[in-house]
Amino acid sequence: MEKIKSNLIEAIKGTYPDAREQDHEGNRLDFYVKKQCVPSILNYIKGEGYIHLSHIAFVDWIEEGEFELIYIVWSPKDKIKIFIRARVDRENPLMPNIESIWRQANTYQREAREMYGIQFEGFEAPNEFVLEDWNEIPPMRRDFDTQAYAEETFFHRPGREDAMDVREAIIERSREEIPDFAKKYSR
Amino acid sequence: MVGSPVLLIAIPLLAAFLIPLIGMIWKESVRLIPGLVLAFMLVSSASMLLYVTNNSTIIETIAGWQAPWGINLVFSPLTGFLATLMIFLGFIVWLFSYRFKRNVDFEPAKKYFIFLMMLVAGAVGIVITGDIFNQFVFIEITSISAYALTAFYTGRNSAEASFKYLLMGSLSSSALLIAIAIIYSQLGTLNMADIADKMYLMPTGYKITALIFFFMGIGIEAEIFPLNGWAPDAYTEAPGPIGAAFAGIVVKAGVYAMIRLVFTLFDIPNSMQFLVVIGLVTLIVAETSAIKQDKLKRMLAYSSIGQMGLVFVAFGIGTAEGVFAALFLMLNHAIIKPLLFLSGSYLVFNSKEKKISEVNGLGKHMPITSLLFALGAFAIVGLPPFSGFWSKLSVLTAAANEGMILIIALVLIVSVVEIVYYFRVVNRIYFFEKSDNVVVQKPRINAMIAMLILGSIILVIGFDPDIVSIYLHKASHDLMNTREYIDNVLSIGQSLTK
Amino acid sequence: MINDKNSQKIVDILQNWARKHSLFVLAYGTGCGAIEIPPTMTSRYDAERFGIRGAATPRQADVLLITGYLTTKTLKRVIRVYEQMQDPKYVIGFGSCTINGGMYYDSYNTIKVLDKYLPVDVYINGCMPRPESVISGIVKLQSLIAEGKANGAAKYKENLDWYRANQKKIIPNWVMPEYNW
Amino acid sequence: MEMIYLILVLFLGGAVLTWLLGKISPIIRDILFISSVIIPTVLFFMNVEVGHDVSFQVLGYKLSWGISYLAYLFSYIVLGLGSLASVYAVAAMKGKKNLGFFYSNFILSIMSMMGILLSRDLISFFIFWEIMTWSSYLMVVFRGKDVQKVGIKYFVFSAIGAYAMLMAIVIVNSLTNSLLISDLVSSFGSFSLSMKWLIPLLLLIGFAVKSAMMPLHVWAPGAYSNSPMAFTSMFSGALSKMGVYGMIIVMVSLVSYIPNGFWLKETIAWLGGITAVGGTLWAVAQDDAKKLLAYSSVAQLGYIIVGIGIGTPLAMLSALFMAVMHAIFKGNLFLVVGAIERQTGTSNLTEVSGLIRKMPWTFISALFSIIALAGIPPLGGFVGKWMLYESLIGSNHYLLVIVVFFSSTAAFLYSYKFLFGFFLGQEEKEWSHIKEAPAMMVVPMMILAVATFVLGTFPGLVLNPIDNGLQELGFASTQGRYWEMSALFNEWGNQVMLQPLVYAIIAVFLFFAAFLTIKGFKHTRYVTTKDISSSGEVPKEHENLTFSQNFFQPFLRAVEPFMKRRIDTYYSGIGNGLEAIFDFTRRIYTGNGQTYALYAVIFIVVLLMFKNALFGL
Amino acid sequence: MELILNILGAIATIVLAFTVGMSYGGIVRKITARVHNRMGPPWYQNFIDAFKLAGKTTAINHGIMQHFGPAFIMVSSIVSLMIVPVLNGGGWFENLNFGGDLIFLLYIMVFGPLGMALGAGQTGNPNSAIGITRGLSQMVGFEIPWVMALVALMVQFDTTSIVDIMRIQNESGTWMMFSSPFAFIAAVMAMLGMFRYSPFDIVGAPTELASGPVSENGGKYLLTMMSSGSIFAFVKLTLYVDLFMGGADNLIILVLKTFALYMIPVLYGIVSPRYRTEQSIRFFWGWPTFFGLLAILYAVFV
């Protein structure tokens, strides 16, 4: 397995010098790449036997002003998962379209478009995916205040006012370092 | 005496020689004179036919030499019928080709009509002559004019077709000469009636050899398989009306010569079976070849050959009914096939290739011509109530009465093939879209009249076949009755020599 | 005689009794509560002994059982299903999500209070309620029916404008046939 | 002038005049068309009597025209359906091109069918048969679609059949020296054994082609669906019955006298059964209504052939009754398809849907016809089916009854597909502009629909003339034994009393219709077909939720083994093989003069070599 | 007078059929529940359901065919009830027997499905149409062995009349299920499909098709269909009893016999999963048809 991994790293780094790999324990291997390289790398590793696109995950790095897209690809032959990580500018989130490589990418890309507002080049799909009649900013962006929105939009049954915020207490108890930005969102 | 058979040969030949002379004075006359001549001949021939139907056969001797020494002309119900038919077709062809295509100019028209006259004269001669060598001469006249007419559209293909025809024709002539020589050497006579009278004197071997050479010689003219190689090319390359003339005139003359030999001259019973077999083979080969053709006229040519095969089958049945059916077939074929050729030549008028696919969708642009073609197609495949049906029915009835069930089956199966290729064309005419590069040519009025005459005859015979059946019955009776023919011809001579 | 008030009352009592004992339930499995319905219906808890029976379509159903949180998207369908049911009809809200949003109280796309949008006859609380509580909720509904108090449908008809306004507030793109009973 | 001549001349003259004068103005053309169908029809029914023959000579053959009881029965079909279809055609074909041609062909085919029925001799029978063939052929290719394939296929099969018939005719002529049908029948017993087999077989081939019997049916689906619907109504309703007519005469008058002829009858009956099953299965698989009805026609004709093949009086009754019924309901159904195609522009069941509220009258007539087709009481189709089953059981054809029943049950599938595809299902915006067909089209359809009902209650109306025809063929009278005006009996005397049943059906229906209507009338509401319980989803205007693709897929999967082999492919294989052979014969003519000369030389050499064998004395 | 009596008798028959059919429905639910180790509803649950459906105050339809569809179904079940003799030897409930025969019965029995199909078709609900296609396909499946069994009976006794068959059984003293056993087997196997209990209930599979053909029907429409179904169940059972079990001399015997017969599809259904349409068609064209053939051969040669 290690041999396969190192071969793969070598091959990818040979073609894309600015790709950065991060080897994990077990069967996982990460690559940090430029967003332009994503289709060609995916194409390449698909040819190497990584035929299964498990998922495309999205992270909103609001502090860095970037979205991260993680293409998780799996090879049933080598039993290795490869994470291809690419970043895109948050203000103008335009990614290459990989629908031609995996058709199921369509669904993930629709999700990204709706939930994060990430656009894909030449991507055609019906507009609505999960949300109906959504007029706000994409709800999965971290600058969307869901509680405020819910309070404003929906009726609330009185009686929850006395519910205590137990977050501080939990933090106290677990003695865990919580970063500032996370305090607002994690419970 | 209502007229003289000799005029039927002499006048067209004379006209053929006079046309260029008079043409120098008045150019239009090269077109008019043949028409007048043919009209006169038609009237004369028809009146003679009426006469012989009701009275006795007209036999005319040439230059006072009586049969069996001299040449004599026999205008019997059979020969008269065929002669009248040929002259009628000659007239129709003339009417149609009055200013057809290249006939507009003086020089081509002159040649065209000279050879047409000679063709008619030769064909009529073949039919009404009573002398076997004379018949040979007329066959040569017909053939030569046919070669010339085949090559009328000067060009590589026409010349090639004409040459093929010439090649086969020369084979035919030599075979005929050999056959005539054998007969003359054995019997010392050239008069048909006399030959028939004395045939029993001839040794069997000579007889059969002579017959075989006759088959070869006349078979080429009569388009029997496998001697008909010239026919498709000649039909295709000759002008449309000439194709009609071939189908209606030349071939009929050949068939006549053949059956006269088989029925009257020779007394070989197996020759009937031979006719049936050769006719069937011709029919099957020709009709099956026709189905895959892509040129219209070529297809019609094969169909024409096939019909001749059917005629031979009908003659080969050997009964009066069979002969009646065969004559009926010849009549219908002589009406319908010219109609198909004439209308077909307008359907593919402006095309170079004369492809079947070029008739697509013409039904809308030239309705009457297309309708006539369709009528011809319906009639020739034998759909009632058109004339072709009655002749096919007669053939089948005659065959059935002789118990030839297999032959009936074969003929009918072949008819299905015939239906397929004719209907494919008719469908193309009516139900396909016309391609833009096909230029439509409206028929001239004279051509239209010619075609309408033929079309109306088809309908008339179709609805009331009895108006022709009397002549056909007389003619078949005439052919079957060899003794009467011999007596008729020879009795005059005998009575005078006494 | 037939039309007088007392005989009508008798008919009402009879009909209510029949309605009570023959509840065709359309379980609209919106959330995690859907998994509680099979045990309710099958051998262990056997809701059929109360005459409760699953209905496959709203046309045949008497009771609409909303089993869990409702996203705005689902709410639109639920309203549609409710309006397709034939009178008399009842709604059971199932689980705390329908009551006050439950754990989704701050979600951007689930409604928190069902009875603002549909006339709920009986709420069953719990997260999730077990089959016992489901059955007890249904029995409560039965007793309401027998008393003639389960008149959510009538309320809905009376206050249609109010309900519509609430519904349209969160479903801006309102394309539905008219509800004109 | 003899009335028979006058009728035929009127038809023929009408055909010619309609074509020629039709060029002047459409109104004249339409009037001429309708009158030249209706006037001879009226004259026929008023003046022509059974048993009055006229005869004349053509070409030495004695031809004779007149009408028999059996033919009179079929003339009801031809002229009745013909008049209705012609009225329909005027409205349906309005604005189409080449109408003069269409109309005159229409008249010609009616004329030819009447001619067939009037012929008392084989030659005029054949002549009219061929006129019928080519006039219907011209109708098949009228729209210019699939001409070379469908049209030629139709004509080739017809020609094969017709020529088989012609062969039989000339053989009969040679044997009996007469072409009268009566002479054939009377002298058939004296024929030799081989002729006794050959002649009926050849005739049957001819008739089997027209009545689309397996394996000669392959032309039918294409031809039926390709001609204009106004004519297909005649084509399937009346024209195919000419095959049935001929087949009845042959089976009863000839085949019965063949020693061991029952084998032929059994074979015909089984072929009919197989035809019924095959036609039904293929009809189920069709998506185009015309094709569906075409295959269904094949199947229905299969039942009729079964009846004819069995040949007992009850079976003949059923065959003839079904022939009449088939003319009525299938004629009507084709008219319905024509109306729908005219209004919507398509006849594809997967495209059109929900026309019931747009074209209610068309729907009602289609409903009646479909119920009759499926053989469900109380409409007329049931009577024929019932008699068929009873005759099959009564004559010990137990397996055949299963085969027929299977086909008849499977017919429900395509019946429903037809109704559902056009009229039921979602009402689409695409078809919201559709209007009911004009009255001239609806009235003939409704008349036919009412006829199915009347004949279902009082089958005696048709069974009476059938009985006359059967007596003419030599059967004993069946009235009172197998049927009364409104009752049916089988061989064992069991009965179906139609009248009380029909009244009971109507009474129950009315009662519950009233119950459903009155109960909660105020609270019963009509909702559109978009308002359906599809998981709470509201279908959008343009969304078509109608289920019409692969409609009977599970069923077709179950019967797949039966449908793997198609006779059609065998025929086209034969056709292609023949064309290849023909291509070979074409190559004999090489176009090379030397080859031809060589042929000539070979010819003479061979003849000379074998001269003694050939011509030896 | 006689007519009025007849009509009254007919109404009595209908009421009887309705009662018995409904009770059977309830009892089947009870039995199913007991097999599932449940209490189950009371046996009269179906009457409550019917009464409740009658009490539904609103109803919708999608057009005239859906409105009259239940009436068509009722026609089918009531007219076939009129034809099937309820008891031996005439007397009670004579109705229309015998104005029709077995073949008429076969055909009038499909009148209902057709009306159902039309009504369901007009709703525009794709589930209904799918259910209908499945139902019709399955009908083609089970009609074959069923007709074979009937043909065997008709052949064996030279009659198509149910009354005659009953009379013959009474005269000979043996039931048809013993004297022509193969026909009985084929008929019973066909009956499995006829009652549409599982494994042949794909037609209205609730979770898959949302109850299929009836998915748009509620209130009075569902009531009519349900009553019709109950009557029809009674008709079928009575027919089987008449044909194979010698009929019944009085109502109690009738109820016993029909109930015993009814248990066959019910019990088979309770323990069976569901067939797909083509599987069920193949099932019916397998062993049942084989037994049907045997029955015909038996009838012809024995």
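Just so it is clear, A, B, C, D and E label the chains in written order, and each chain counts residues from 1 on its own.
Here is the rule we use: a contact is a pair of C-beta atoms (placed from the backbone, for glycine too) under 8 Å apart; a residue touches a chain by one contact, two chains touch by 3 or more.
As the structure is a prediction and not an experimental result, all values here were calculated from the model.
A.B. asks: Compute the shortest path length in steps from chain A to chain D over the network of touching chains.
C.D. replies: 2
A.B. asks: Would you mind naming the chains that touch chain A and likewise touch chain B?
C.D. replies: Looking at chain B and chain A together, no chain touches each of them.
A.B. asks: Find me the chain with the mean Cα position closest to the mean of all the protein Cα atoms on display.
C.D. replies: The most central chain, going by mean C-alpha position, is D.
A.B. asks: If we define chain centres by averaging CA atoms, which chain lands farthest from chain D? Would you check?
C.D. replies: A
A.B. asks: With contacts counted as defined, which of the two, C-D or B-D, has more C-beta pairs across the interface?
C.D. replies: B-D
A.B. asks: What's the chain with its C-alpha centre farthest out from chain C?
C.D. replies: Comparing chain centres, B lies farthest from chain C.
A.B. asks: Could you grab the centroid distance between chain B and chain D? Build each centroid from C-alpha atoms only and quote it in angstrom.
C.D. replies: A distance of 44 Å separates the two centres.
A.B. asks: With centres defined as the mean C-alpha position, give me the chain A-chain C separation in Å.
C.D. replies: 39
A.B. asks: Suppose each chain is reduced to the average of its Cα coordinates; what separation in Å results between chain B and chain C?
C.D. replies: Here chain B and chain C have centroids separated by 97 Å.
A.B. asks: Which integer distance in Å separates the CA centroid of chain D from that of chain E?
C.D. replies: Going by mean C-alpha positions, chain D sits 36 Å from chain E.
A.B. asks: Among all residues of chain E, which ones touch two or more of the remaining chains?
C.D. replies: In chain E, residues 56-60, 210, 215-216, 219 touch at least two other chains, as defined above.
A.B. asks: Every touching chain pair, please?
C.D. replies: A-C, B-D, C-D, C-E, D-E
A.B. asks: Spell out the part of chain B that touches chain D in their complex, as residue ranges.
C.D. replies: Against chain D, the touching part of chain B is residues 160, 163-164, 167-168, 171, 175, 204-205, 208-209, 211-213, 215-216, 219-220, 226-227, 229-230, 232-233, 268, 270-271, 274, 284-285, 288-289, 291-293, 378, 383-385, 389-390, 393-394, 396-397, 399-401, 403, 405, 408-409, 412-413, 415-417, 419-420, 423-424, 427, 430-432, 464-466, 469.
A.B. asks: Within the complex, which stretch of chain C touches chain A?
C.D. replies: Contacts found on chain C: 72-73, 76, 99-101, 105-113, 116, 166, 169-173.
A.B. asks: Quick check on the complex: what are the chain A residues that touch chain C?
C.D. replies: The contact residues of chain A facing chain C are 130-133, 135-136, 139, 144, 146-147, 149-151, 153-157, 159-160.
A.B. asks: Per the contact definition, I'd like the list of chain C residues that touch chain E in the complex.
C.D. replies: 14-15, 18-19, 21-22, 42-43, 46, 48-51, 53-57, 59-62, 84-88, 181
A.B. asks: In their complex, what parts of chain D are in touch with chain C?
C.D. replies: For chain D paired with chain C, touching residues are 523, 525, 527-528, 530-531, 533, 535-538, 540.
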